[in-house]
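Heads up, the next two complexes both have chain A, just with different partners, chain B and then chain C.
On to the complex of A and B.
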């Protein structure tokens, strides 16, 4: 009963280095480390050492991801890339706050790379939009958990890390998670699942792992 | 486009520099002219004795004042008539036809800062945009380069309110705009707009690119008279007529003179509206537009007749 075929679900492509930029900001979460390391490797091949201006803001893998990826390894791998400034965070909120400060002082010619779960990408994009970064300045690759941020169209609350087709909102309504994505809210729309026949819910299934 | 023309009357003409005349137009029906946003241009249709000219001019008047439109016309050295017609032939009280305003050079609404760069007559679209910018909160600056004081048109329009936002560069005083300095250190979300001579536009585009500016933040507009060239013949397949294109008229103008309408907006090779399919070609297309991709040029299947020409034994167009 998922409503699909909706165009607003963003499409991501594998990250690559954009040599037309002068400064590079890389944001990663969890297994998002791997695509970022690939970008850094490409950068080192293309740009002379002295011309590299790159900053990495990285959030360590969460408990769920820790089983799949390996935190310390990613961090070590970043540290092994010289001339790149690295900052490591334990939660997304502080990483984003740091990104906001960084963007405020950044110059035209900056390219943004984002790798991680879609919800992470969405939140980073919200900030990027505030700074009027356009499609030709941003690259994003989805990896890791497919968990969604869900916006309740009835009470406007956001439920994070949703992995199931239906979810109970803070307002006690059961929401059906749609494919309709809002870039402004960085969330998928959740609509009351049993509005027409109260109490009649589709079977709960785990669909966004 | 003819369905959309508006008849206007010239209500004032002023010589503002040795080369630039300033015209004020009002609708002959009275009342307001169509609304427009800063950066828009109109096409002015001028019925000369021998031929019709259709030239694009930026609206420089305030988008908040629709009882009249204002344009400025620079006398071109090798004008094929349009600017000479407006400079030497028309007088106050004459009527002209204009097409609805179209904006191909609008301000970016999400921008966090605007940098406007004008060379000479290229100041015109910015005069209208400044009216919008003054009311907003987004920072902006205007860099205006001219030959000398006597060539600096519309300084009084910039007014004292703008004094801190405007930098003037007078060539004869050796004051040149340093594009590197200007574009190297701008905050994220800045947009640059340039209108002026071709050389200036190219330098801005190249400099911006070298500092990593993406294309979506660099905007330019240029109104070129269509280049002159050798005469050639073209056959219009659907209309089943042959048209002879003379050296000093564009392909589009000659097609129009033969009574065939082609859609257009800019008449400057930018908007893409006059895109025409080439059905047969024995020879070479001389592309002068900024619209077709390099690939489309080489395949020879398309032409923008507002500016491009041909050197061909046979050319058949899908018109």
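On to the complex of A and C.
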């Protein structure tokens, strides 16, 4: 069942500032800070300060969460960019909830920039999709972990942060993680690995880092 | 359509499905030669010879009633096998119109449609259904229009919206599929949806297909054949239910392959829809056991040769790995090496 070569995975390209936009929403997680800072630098060079409308929603790398009260280097770097509104989150869910509210009130001319691991981009895109943002209005750059969100095709449960070729689902089945990706579900398909011969499982390997 | 409907045949559990000799002779064999590789084998969906599967827009055959019953069983357990995104309502009505008008025109003994302005009356004899409704008013039907009409049709239907120079899979009734999931693939572009198909992307098949389909015209439908194989005459080989049917693949041996292994052929039809400008993709599934197939000597020789020479990537993708050898072994005695005539006709 495992088919290689992912045709259903979106192609992500390095971020660059889009001067045709008027309002800019930047979403980042972990090492995604660097591409976003690059975009902000380009913006400052291109647009007069009084015309800048940019918001950054950023989730710190997990190492920062452990030491509450600490401010990450990324956060300091974002703060150094004047006239940009910054919100920092400790988890992806609250960042996305905030983005959802922001998207509800977004205006024509809004541009979305997303940078971070693929699973983070996928979840952000899932929300953007609900608001019919089209290809010209969204850009994303993949960086960080290749861990996958996996959708069980049998019970519809999601397993997050999957780094291995097979994974045990909440329904107790061992799932083979396929290279078939759904933007709507922001997840890869997981299919029962040993349906044809019970117990006959491939060796577990760490493949998505 | 003069055949008698085999109302009690089943596609699960005791698998009483079988083809009559007449159904075997009209089976749409997808192999015009002794070997197979992908091609953009699209042709106009023009009326074929009398009695053939392409005589009419939608083929209604001896399995019609039983296949509609099978669909009801699937949907009762898994309602998500029908889905439609909200903006697809106009396309749903387009599909309902296309199917009702085609069936009433082509099979007047079994179906009728009468219209007075927007007030329509539909009658389905084989399923013993009557419905008055207002075209365009979903509240006057017991179910969403596409759901309503495809419960009365054989084969799966996927409706694709056209925008941004692409086709998007955004509504469908999919209960008789060869191992792909509507629930998972909803919202995908045509190419994303076909992502798992090996080799064809690299051959440029999908690039050419999408260009062709974006220009599909109203009133000029097209068709193509596709195929795979299935153990037992099981219509619902969905990934959702793979835990139930996967073990079948390990049950085949050279002695039972003739009865267990079925060639599964899809007659795929594509129509442009008038109001929504969407495209409906009909995927009608025909099943035939190797034993039934072998009653036509030319077909036995040909399928034996196609299976022997099949590209390894297709063997894997079509899920044949575990039972291709027994199927070839079962067919071997029917292949004396004599040539086959070109084309797909029985001889």
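Note that the second predicted complex is superposed on the first by the 197 of 209 C-alpha atoms of A that agree within 3 Å, B and C clash if a C-alpha of one lies under 4 Å from a C-alpha of the other, contacts with A are read in each partner's own complex, and residues count from 1 in each chain.
We take it that a residue touches a chain if its C-beta (ideal position, glycine included) is under 8 Å from a C-beta of that chain, and two chains touch if they have at least 3 such contacts.
Computed from a prediction, not measured in an experiment: that's the story for all the values here.
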item: Touched partner set for A:137, first chain B, second chain C, both or neither; value: first
item: Which of chain B and chain C A:110 touches, first, second, both or neither; value: first
item: Dominant toucher of chain A (residue count), chain B or chain C; value: C
item: Which superposed partner A:83 touches (first chain B, second chain C, both, neither); value: neither
item: Touching partner for A:189 - first (chain B), second (chain C), both, neither; value: second
item: First (chain B), second (chain C), both or neither touched by A:164; value: neither
item: Touching both chain B and chain C, residues of chain A; value: 129, 134-135
item: Contact set on chain C toward chain A in their complex; value: 164, 181, 183-188, 191-196, 198, 201, 239-243, 246-247, 249-250, 316-317, 319, 322
item: Of all residues in chain B, those that touch chain A in their complex; value: 108, 110-112, 183-190, 208-209, 211-217
item: For the chain A and chain C complex, residues of the former touching the latter; value: 1, 3, 5-9, 129, 134-135, 151, 153-154, 156, 173, 178-185, 189, 191-192, 195-198
item: Chain A - residues contacting chain B, complex; value: 20-23, 103-104, 106-111, 129, 131-137
